[in-house]
Amino acid sequence: MKLRVINPNTTQAMTDTIGQAARRVAGPGTLIVASQPASGPVSIESHFDEAVAAIGVAEEVLAGEREGTDAYVIACFGDPGLWSARELTRAPVIGIAEAAFHMAALIATRFSVVTTLGRTCVIAEHLLAQYGFEHQCRRVRAAEIPVLDLEHDPDASLRKIIEESLRAKEEDGVGAIVLGCGGMADLTEEISRAVGLPVVEGVTAAVKLAESLVQLGLHTSKHGDLDFPRPKAFAGRFSHFSA
Amino acid sequence: MKLRVINPNTTQAMTDTIGQAARRVAGPGTLIVASQPASGPVSIESHFDEAVAAIGVAEEVLAGEREGTDAYVIACFGDPGLWSARELTRAPVIGIAEAAFHMAALIATRFSVVTTLGRTCVIAEHLLAQYGFEHQCRRVRAAEIPVLDLEHDPDASLRKIIEESLRAKEEDGVGAIVLGCGGMADLTEEISRAVGLPVVEGVTAAVKLAESLVQLGLHTSKHGDLDFPRPKAFAGRFSHFSA
Amino acid sequence: MKLRVINPNTTQAMTDTIGQAARRVAGPGTLIVASQPASGPVSIESHFDEAVAAIGVAEEVLAGEREGTDAYVIACFGDPGLWSARELTRAPVIGIAEAAFHMAALIATRFSVVTTLGRTCVIAEHLLAQYGFEHQCRRVRAAEIPVLDLEHDPDASLRKIIEESLRAKEEDGVGAIVLGCGGMADLTEEISRAVGLPVVEGVTAAVKLAESLVQLGLHTSKHGDLDFPRPKAFAGRFSHFSA
Amino acid sequence: MKLRVINPNTTQAMTDTIGQAARRVAGPGTLIVASQPASGPVSIESHFDEAVAAIGVAEEVLAGEREGTDAYVIACFGDPGLWSARELTRAPVIGIAEAAFHMAALIATRFSVVTTLGRTCVIAEHLLAQYGFEHQCRRVRAAEIPVLDLEHDPDASLRKIIEESLRAKEEDGVGAIVLGCGGMADLTEEISRAVGLPVVEGVTAAVKLAESLVQLGLHTSKHGDLDFPRPKAFAGRFSHFSA
Amino acid sequence: MKLRVINPNTTQAMTDTIGQAARRVAGPGTLIVASQPASGPVSIESHFDEAVAAIGVAEEVLAGEREGTDAYVIACFGDPGLWSARELTRAPVIGIAEAAFHMAALIATRFSVVTTLGRTCVIAEHLLAQYGFEHQCRRVRAAEIPVLDLEHDPDASLRKIIEESLRAKEEDGVGAIVLGCGGMADLTEEISRAVGLPVVEGVTAAVKLAESLVQLGLHTSKHGDLDFPRPKAFAGRFSHFSA
Amino acid sequence: MKLRVINPNTTQAMTDTIGQAARRVAGPGTLIVASQPASGPVSIESHFDEAVAAIGVAEEVLAGEREGTDAYVIACFGDPGLWSARELTRAPVIGIAEAAFHMAALIATRFSVVTTLGRTCVIAEHLLAQYGFEHQCRRVRAAEIPVLDLEHDPDASLRKIIEESLRAKEEDGVGAIVLGCGGMADLTEEISRAVGLPVVEGVTAAVKLAESLVQLGLHTSKHGDLDFPRPKAFAGRFSHFSA
């Protein structure tokens, strides 16, 4: 099984972190291809960054289709370009936010999210509402860490995440923590130990969900809104999407 | 990994069907133990049947704990005794209704459920609301088949399920069908072919979710409402639960 | 009118407290039969305790049916076995959580619940959502009292409940308090005086709702999901349920 | 116990019908005072009629306060002036729409409403949402009968209501019918027999709820939004409300 | 375009404040007619005040209809009599609460409301739910100012509103403030400067929405529940409404 | 006031239609700049088309910023790139779907949407849920017209839209129709006449809302999630977004 884990930003170090996390949990028959777009932002911290990253995600899915790919993971907590990516392939496509929410809901009645910057909390709230988890999630919290600090200053980042997670445990009455950033993929165990709660991380969760769907023979529905896009002309910079 | 798939009713043929379905999708390192309670109803078609079956589920979990078990599946579409079972173990416990809803939501924006008897539709609606899938599920439909007819008259049952699924496809605007009974576990492919939609079946979905959680090192949260029950005395027929 | 008030746990002192509370508000023509199951937990403080208690509730309803009973009350705040009990009889069946929520919603626009242990708050939240009161209830609070302490250490329990109710009054902006335990049935007036808010207690509320339904000639609907269970075989310990 | 049943419109025949329905179910110690405002519309079939009727309701509550009244019922299915009436008294105030919804939810998992004119369906929908019953109510249906036809052409009205109720039974999958008009108070039994479902009627339901609250010693909360209105000057036609 | 801005209370100074606010933002072709009912409360601070004010609103709409009016604004934050007013005219009718909510939702993902008295918060919450803004609004806050203090003690009122708005900014994570009273119409800029957030005020917002609808050629739908009321007799004090 | 109306697709004829519709309702002081991206799809009929169009929208906003622009309209019914566009400017940004929903909710209690292709209904449903209009909108209907047919075969398209709108009027019990495509901007009056309901079209609605916000001095909140994106590097095809 070939599983493409797409880091929607263009920072190689983060792609590496994500790829390692994916490989750590992948089954023996799964080949993890960790990729990142040629074009796009170095980190994703706003609606605008997400919109741009969605194009990179689409291109990585199209690249994956040319190579033969069995499933895709979109490894940014805002799930940028998720619906669009699903249209481009019959293979399952899993966002790491949705993956983490689904898994957390299976091991705890209530959870809280700890993410990077306060300004992205609304993005997570929109996803929780759209996916149906707004009652299971008590609160979306920000540790106020710029995304790339996860790479540049990992110790301080880790400390802030643990502190915010402990506040969630104490104040929110939750049974689990969802880590709200793809770049936190290697911190899960350490945070879980420090906080004393199960900690769900999206990259690893998404890899297992993607493998599961493939093994079940389930593919993205091509009946209705997720059918392949109607072929049409695209102008200018996007003319390579024309069909 | 030892995975106990609990058929909450006491019909051996259905346990066998469920066990076979589970083994068909289980990973190479997974040992499937298909079990059924010594006590309980031969089929589950009402709130009352569910209530009785929940005890059998609890006993099967306790039996599993004595043997060392890594995860549990509750293989009846009403997820009887799910919350209670989660209290009795640190291992993940997955209901087949929730499993099917989670998986369907990952491959289609909207789905419909096709279950056995009309009187159980409300049970599915209650679960959809509690788990947060009431917007993704367009409609819960009944093919009006008594559960054991799935064993006794499989051809007529299959025909009715396909007919109701085709109505769902035409009238509900959905991209996938969720099969609403553990006893339909072996019919998935045939229905999918006939209907032309992905068909999600809960037993197989739950097996993969349970394996996934184990491989992720995630266990049922023991902080809060899913902690082990406070030890106490039980009277009469349930005195074996005393601690 | 014969009204069976079922204490779902097996602690006689609590059955007595509940029976007295019921008799205090029952109409002149109402005979209160306070009963408890022969089998089950001595107190109900978890999903598992609830699941076991649901069987006792069913058996008490079946016993009531044999004697001729006009209505039933399930006197535990989690309403264990409510839907199942409704299937077993044409008589109205009222849970004390639902009764308290309904009554509170008629005298205050917003209320908070004060219950025993924090771990049971999720049970109350699930009920509020299922019954449709999640917007009327601002918050479910726990005084962190083990259920049987209500019997063993009533003074300390009362003090904790009053303190938590005062916090609800100050912080939640509510007009009424719902007491979240059947064992608090005799404390209502004292708490109301101390807190300065109407206090709704479920046992007494349920008795009046049950009487009301009987006097209105309304019975549990036998059309659809609450119809009598289909007769079937039950194995083992539950073979007495076979029909 | 003195219970004032307020017909919010000014049609004496309807007040009589309502009063008779109330007396039929009232307890032995309950004195029913059926009243109607001196001012207001002869029937209530629009938002505007409701707004005017709300004043009459307030005046009838104030009149009731002068006489000493233990509880009030607002006997129009839109519950006109309910919140305002609650501010004017410590006594419980029950609307017949809310009463019917509460009672129906206790005997059936799902119900439909059958009301008079299609244009008032939105009023019922608004109430269902505000009171929290939007999931229990499958559909609000209109038999398209002008309100006063219930008095003038009772046979045709009854036939239309039964027909619409039968459609609800067949199409909506419900276990009970809620009658959506105070003027239908005497038709309950006949409709129930013809339709084969429990039929909940609001006037009788509200009488029992009002009696229940009084017997429980529960009054309208005077803490917060239902406190007595701040005394102030009213100009012109409403100067008698000045304080 | 003739736009009638109805102050639902009978305090001339507040009508003047409202009229000035309306004129400040009205387009060049818009004639603002600021009016107040001959009858009704001097301020609106309760459900009861709202119910009485709704009659004044209806009468002002009927007066407007006789003069030829293109649109109406109801300038009290509870939108009293909104649905009723819409029935009485084909012209658009806009409440200032709804106007403020709509506008705030266009410039910020989340907002909080700062209103006068705590007891009216529930009124705003009911409107938010009915109009569909309950997720965009984080919290309804009260500065605890009696409405007429806005006229009598403007400096203290302003200070309290700014303080509460700053708390909203800090604690609620919102991007905008909605001012919850018609009498605050002239304070918008000062509060916005002091708080550092966009501040949305309903009178001005409603004027622009009303003008917009007129310029779009859109009128209140007369198909269904907002159709003109069926003509009928009104008794007593309201006999002038008879038709 | 300079108002940029962005057609997110690259079809000049549609930009012209949209520009004309905008100018028809714009105020005398408003300069309408109708623009379209240099790059992107010729029509928008899928999640993928939307994702690509969101980049064009962002670029058109950035172009508008360089010229000085007071407000923006995104003239495609899926509101592609709305949140991202709001981050890039202090000026108000209005999507035509949200504009139409807001306006429809002001003139009718319930509305239905009539859009082009069935596969885009889910996009509208997601927006209705996110914006809070899911209860006001009864149903999203598709006339099954490819977007460009609105230009190529206007007569057949018009006929299909009218037929579907008449079905909405008859079956959905709504008071208004929302047209679900930017390319329908010139058909409003004709459809309204044929259907006998107010018809709300998004381009014209959005122009008036944008003008209104500017005239109110309200800008997109720069506090929190809509603040300008943090400056950062973008790689490859998007390096011009680097800052």
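Letters A, B, C, D, E and F name the chains as they come in the text, with residue numbers starting at 1 for each one.
Please note the rule applied: contacts are C-beta pairs under 8 Å (C-beta built on N, C-alpha and C of every residue); 3 or more make two chains touch, one makes a residue touch a chain.
No experiment lies behind these values; they were computed from the predicted model shown.
Visitor: Using direct touches as single steps, what is the fewest number of steps from chain A over to chain C?
Guide: Graph distance in the chain contact network comes out at 1.
Visitor: Comparing the two chain pairs, does A-B have more C-beta contacts than D-F, or is it the other way round?
Guide: It is A-B, judged by the count of C-beta pairs in contact.
Visitor: Chain C-chain D contact: same residues or different, taking over half shared as same?
Guide: same
Visitor: Averaging only over C-alpha atoms, locate the centres of chain E and chain F and give their separation in whole Å.
Guide: 27
Visitor: State, to the nearest whole Å, the distance from the C-alpha centre of chain B to the C-alpha centre of chain D.
Guide: About 43 Å, centre to centre.
Visitor: Report the inter-centroid distance (CA atoms only) between chain C and chain F in whole Å.
Guide: Taking the average C-alpha coordinate of chain C and of chain F, the gap between them is 52 Å.
Visitor: Going by the contact rule already set, what residues in chain C reach two or more other chains?
Guide: 83, 109-110, 118, 121-122, 129, 135, 173, 224-226
Visitor: Tell me, which pairs of chains are in touch?
Guide: Listed in label order, the chain pairs in contact are A-B, A-C, A-E, A-F, B-C, B-D, B-F, C-D, C-E, D-E, D-F, E-F.
Visitor: With touch defined as at the start, can you tell me which chain F residues reach chain A in the complex?
Guide: Residues 10, 37-43, 45-52, 54-55, 58, 81, 83-84, 86-88, 118-123, 126, 129-130, 146, 224-227, 229-230, 232-239, 241.
Visitor: Which residues of chain D touch chain C in their complex?
Guide: Spelled out, the residues of chain D in touch with chain C are 25, 27-28, 83, 92, 94, 98, 102-103, 105-110, 131-136, 169, 173-176, 189, 196-198, 200, 204-205, 208-209, 211-213, 215-221, 223-226.
Visitor: Touching residues of chain F toward chain B in the complex: what are they?
Guide: It is residues 118, 121-122, 129 of chain F that touch chain B.
Visitor: Under the touch definition given earlier, write down the residues of chain B that touch chain F in their complex.
Guide: Residue positions touching the partner: 109-110, 135, 173.
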